[in-house]
Amino acid sequence: MKIKVINPNTTHSMTRKIGECARRAAAPGTEISAVSPMMGPASIESHYDEALSVPGVLEEIRRGEAERVDGYVIACFGDPGLFAAREAARGPVIGIAEAAMHVASMIGNGFGIVTTLERTCGIAWDLSDRYGMRRFCRAIRSCELNVLDLEDTGSTAYQVILAECRRAMNEDKIDSIVLGCAGMADLCSSIENDLGITVIDGVSAAIKLVESLVQLGLKTSKRGEWAAPLPKAYSGLMKDFAVS
Amino acid sequence: MKIKVINPNTTHSMTRKIGECARRAAAPGTEISAVSPMMGPASIESHYDEALSVPGVLEEIRRGEAERVDGYVIACFGDPGLFAAREAARGPVIGIAEAAMHVASMIGNGFGIVTTLERTCGIAWDLSDRYGMRRFCRAIRSCELNVLDLEDTGSTAYQVILAECRRAMNEDKIDSIVLGCAGMADLCSSIENDLGITVIDGVSAAIKLVESLVQLGLKTSKRGEWAAPLPKAYSGLMKDFAVS
Amino acid sequence: MKIKVINPNTTHSMTRKIGECARRAAAPGTEISAVSPMMGPASIESHYDEALSVPGVLEEIRRGEAERVDGYVIACFGDPGLFAAREAARGPVIGIAEAAMHVASMIGNGFGIVTTLERTCGIAWDLSDRYGMRRFCRAIRSCELNVLDLEDTGSTAYQVILAECRRAMNEDKIDSIVLGCAGMADLCSSIENDLGITVIDGVSAAIKLVESLVQLGLKTSKRGEWAAPLPKAYSGLMKDFAVS
Amino acid sequence: MKIKVINPNTTHSMTRKIGECARRAAAPGTEISAVSPMMGPASIESHYDEALSVPGVLEEIRRGEAERVDGYVIACFGDPGLFAAREAARGPVIGIAEAAMHVASMIGNGFGIVTTLERTCGIAWDLSDRYGMRRFCRAIRSCELNVLDLEDTGSTAYQVILAECRRAMNEDKIDSIVLGCAGMADLCSSIENDLGITVIDGVSAAIKLVESLVQLGLKTSKRGEWAAPLPKAYSGLMKDFAVS
Amino acid sequence: MKIKVINPNTTHSMTRKIGECARRAAAPGTEISAVSPMMGPASIESHYDEALSVPGVLEEIRRGEAERVDGYVIACFGDPGLFAAREAARGPVIGIAEAAMHVASMIGNGFGIVTTLERTCGIAWDLSDRYGMRRFCRAIRSCELNVLDLEDTGSTAYQVILAECRRAMNEDKIDSIVLGCAGMADLCSSIENDLGITVIDGVSAAIKLVESLVQLGLKTSKRGEWAAPLPKAYSGLMKDFAVS
Amino acid sequence: MKIKVINPNTTHSMTRKIGECARRAAAPGTEISAVSPMMGPASIESHYDEALSVPGVLEEIRRGEAERVDGYVIACFGDPGLFAAREAARGPVIGIAEAAMHVASMIGNGFGIVTTLERTCGIAWDLSDRYGMRRFCRAIRSCELNVLDLEDTGSTAYQVILAECRRAMNEDKIDSIVLGCAGMADLCSSIENDLGITVIDGVSAAIKLVESLVQLGLKTSKRGEWAAPLPKAYSGLMKDFAVS
């Protein structure tokens, strides 16, 4: 089984980290490719960044379809372009926020999210609505870290995140913590060890869900909202995105 | 990995069928045991039947814990005793309605459920609320078949179910059909072939979700609502259920 | 009119207390019987305890039907087995959480619940959803008391509960307090006197609601979800629960 | 116990009918007075009529308070002025829509409402939201009858209502029918007999709920939203409504 | 275009202030008349006051219709009589709470309301539900000021309101503040200047929305719930409200 | 006041039509510019098309900011890129679906949407949730027309749309119809005349709302979710979108 993990930003150190987490989670026989798009923002911290990461994500989906990829993971906690990607793909496409929230709802009755910037918390709340997971989401906390601070190995980022997770654990009546950024994927077990609470990384969770769907023979349904895009003219910088 | 599939009713022909579906879905290396409890109703078609199936389910969980089972599936579409089972188990426990609904929400934007008796539709609606899946559930239809009609191989049950699934497909604006009874697990691919719409069987879906959770190292959280039951006296027929 | 009050746990001192509250609330001419089942847990503090109390509750319903009981109260704040009991009974069946929440919504615009253990708060929130009462429920607080602490007359339980009720009154913007445990039924007027806020006991409330329904000639509707259970085989410890 | 039933319209034949239903429902020892206000519309079929019925309702509450009435019923299915009346009264005040919906939610899992005019259905849907009862309300149907048609004993009103109730019973998956107009209170048992489905009249239901609250010693909470109106100047036609 | 602004209370100093705000907001060519009714309460601080302000509001609508007014604003934050007024008017009618909440949802993702008395906060929450705006309303705070304190120019009211707005800004994760009383309309720019957060006054917002609707040729729809009131007898103090 | 209307697709005949509707709706003194982006799809009929229209929309916002535009309208019924545009703009940005739904909720209690393709109905339902307008949205119907069929003046598109609007009017209990495609903006008054029901065009509505916000001095709040995008590297085709 081939699963393509798309990190929607163009920071390759993060893509490598995500790829490692994905491979650790994958079953024997699952082939993981982890990529960054060839266009787009270095990090995603706003609706603007999200929107402009999507063309790159869709280009990677198109390549993946040509390579007969079986399923995809979108590895940014805003799940940018998820529904557009489902239209463009035959197989299943899972976002890491989607995966983490669903999984959290199965092992505890309430989860909290710890993410980077306060300004993105609204995006996460909206996703929890979109996936039906709001009833399980008790609180969303931010660390006021930039995404790329997570790539700076000498930074105090880990301590800041750990402290916020501790507050979540102590104050928010939660059964587990969801890490709200793909760049935190490698911190999962450290935080779990340091705090003694279940910590969920969306990258690993999404890998398992895509594997599950593929093994169940479930593809994205093409009957309704996620049918293939219609052929039409595209122009300007977007001209190569036309489907035929 | 050991997964125990508990069919909460005592009809062994159904348990065998469920076990076969479970084994087909399982990954290499997953060991499936499929059981019926030693007490309870022959079929589950009401809140009353559900409630009285739960002690038997919990007894099987207790045995499973002694046998170091890694995770459990409750294989009746009402997911009877799911939360009590989570308290009693260390590993994850997934209900087949829960599994089917979550999976359906990832491959289409709306699903329909086709189940046995009208009187159980309210139970399924309530579960869709409980799991956050109501926004994806477009309609729930019943065939007015009894659960055990599904075990009568000479019956017209398949045709009745197929006809109802066709109506769901044509009238309910759905992307997939969820089969609302563990006894229908073996009909999944036939209906899919006959109708050309994705059909989801909760037993297979639940197997993959439990495998996923186990591989992710995720157990039922013991911090909150699903902590282990407290030690206390139990009496009468229930005396052996006391935990110590 | 005969009303049977079923305390789902087997602690007879609590059953006596519940019976006294019920009789104080009952109209002249209402005959109250208060019972504990002959099987089940000594106290109910989890989904597990709830689930295993239900067979005993249903056995008491069956006896009640034989004795031509007019209506039932299930006197545990988790309302265990309520819907199964409705299937098994001709007359109305009311849970004490259900009764307390409905009544509270009629005399104030927001209520708070004070209950025993944190781990049961999720159950109460879910019931508030189930009955449509979440919009009136402002907060649910626990005292971290075990249910049977309430039976220990020398304990400090009352002071602990009073303190938590005071916090609820001062911090939660509520018009009334609902006591979240049948074992607190006798504390209602003391707390009300000590704090000067309306305090609602579900046992008394449920008695009045059952009386009301019986006097209105309203029985549990048998048209839909709460129709009588279907005849079928039951086996093992549950064999006597088969309806014929 | 003194209960005052206020028919917010000024049609005395309807008030008499309401009074009779109320007295039939009342317990021995309950003294029922049924009145129409001295001002307002002959019937209530719009927001406009509702709004202009409220001063008359509040005047009757004020008189009731002077007469030491224990509780009130507002006997129009829009429950006009319910919250203002609660502010003005010491004891409980119940609307008939509120009463009927709460009661219906306890004896079945879904109810339908049959009312007079289509234009008032939105008001009933909004009340179902207001009371938390929308999840139990499956459908609201109108007969396109004017309220005062119900007072014309030679009319075909009964047949029209019966036909609509039959459609509700057959098409709306309901366990009971709530009659959506105080003027239908006397039709309850006829429809129940003709159709064989539980039919709920809000007037009777409200009487029992007010009696229940009074016997429980529960008054309208004065801590929050329903505290007594503040003293202030009133002018013009409204000058006598000032509280002091 | 003629817009009539109805201050539902009878305090003329407040009406003048509201009229000035309205005129400042109005487009060239919009003719504003600002009135108090000839009957009703001096201020509105409860359901009771609201209900008794409505006849006066409706009388002003009737006069407005005779004068061919194009649209109306109801200038009290409880939007008293809004739906009744829509039935009585041909043109659009907008409440200031409605206007402020809608506008706030377009320029930020979350707003807070700062109002006078705690007892009216529930009314504002209910309006946020009624207009679909609850998802944008993060918190409602009261200053424990009486409405008429705002008319006392020597009072400390401004400092009290400013302090509460500051707390809202700092603690409630909001993008803007909605002032929850028509009597605060003139404080909008001062608070905005003092705090550096967007502050929304419903009077100005409502003027622009009514102008917009009139310019779009949109009148209150008479097809459904807001059709003109039906002709019928009215009696007592209300006798002049009959439509014919 | 300068308002820029961005038609997110690249079909200039549609942009001209939209511009004409916008100018007809605009107040004297409002300067309207209507543009198509220089990149993107010829029509928008899927999540894929929407996503790929957004970079072009954002480029137009950037140009608009350089030209000191006061406010923006996004003139496609999916409101693509609305939140990203709000981050990038100082002034208000309104989507036509947003505008039409808000306006419809003020002149009637229920609206219906008539749009082009069934596959886009889910997008419109989700927007109704996003804006808090689901409670007013009774039904969404599609005509199974492609967007560009609306540009073919010899087509039967008008008759098809009219027929669907008639069904909506007769079957969906609605007070008004919202046209669910910017390409239908010019059909508004014809349909209204032919059917006698209020028909709402989002382009006109959005113009009035942007004018209103600008005149009120309300800009997009920069305190929270819609703060300006952070400076960072952008690469590939997207490299010019970096903010500095």
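Lettered A, B, C, D, E and F in written order, each chain numbered from 1.
In this section, contacts are C-beta pairs under 8 Å (C-beta built on N, C-alpha and C of every residue); 3 or more make two chains touch, one makes a residue touch a chain.
Everything numeric in this text was worked out from a predicted model, so none of it was measured.
A.B. asks: Select, from D-E and C-D, the pair of chains that is joined by more C-beta pairs in contact.
C.D. replies: It is D-E, judged by the count of C-beta pairs in contact.
A.B. asks: Compute the centre of every chain as the mean of its C-alpha atoms, then state which one is farthest from the centre of subunit F.
C.D. replies: C
A.B. asks: Half is the threshold here, strictly exceeded: which of C-D, E-F or D-E has more than half of its contact pairs identical to A-F by residue number?
C.D. replies: Equivalent contacts to A-F are found in D-E.
A.B. asks: For the two copies subunit F and subunit E, is the contact made of the same residues on each side, with over half of the numbers shared, or of different residues?
C.D. replies: same
A.B. asks: Can you give the whole-Å distance between the Cα centres of subunit A and subunit C?
C.D. replies: 44
A.B. asks: Centroid of subunit A to centroid of subunit D, CA atoms only: how many Å?
C.D. replies: About 53 Å, centre to centre.
A.B. asks: How many angstrom lie between the centres of subunit A and subunit B, each centre taken as the mean Cα position?
C.D. replies: So the centre of subunit A lies 28 Å away from the centre of subunit B.
A.B. asks: Can you list the residues of subunit C that touch 2 or more other chains?
C.D. replies: Touching at least two other chains: 109-110, 118, 122, 173, 224-226.
A.B. asks: Can you list the subunit D residues touching subunit C in their complex?
C.D. replies: Contact set of subunit D toward subunit C: 25, 27, 92, 94, 98, 102-103, 105-110, 131-136, 173-176, 197-198, 200, 204-205, 208-209, 211-213, 215-216, 218-221, 223-226.
A.B. asks: Note which residues of subunit C are touching subunit B in the complex, please.
C.D. replies: Where subunit C meets subunit B, its residues are 10, 37-43, 45-52, 54-56, 58, 81, 83-84, 86-88, 118-123, 126, 129-130, 146, 148, 224-227, 229-230, 232-239, 241-243.
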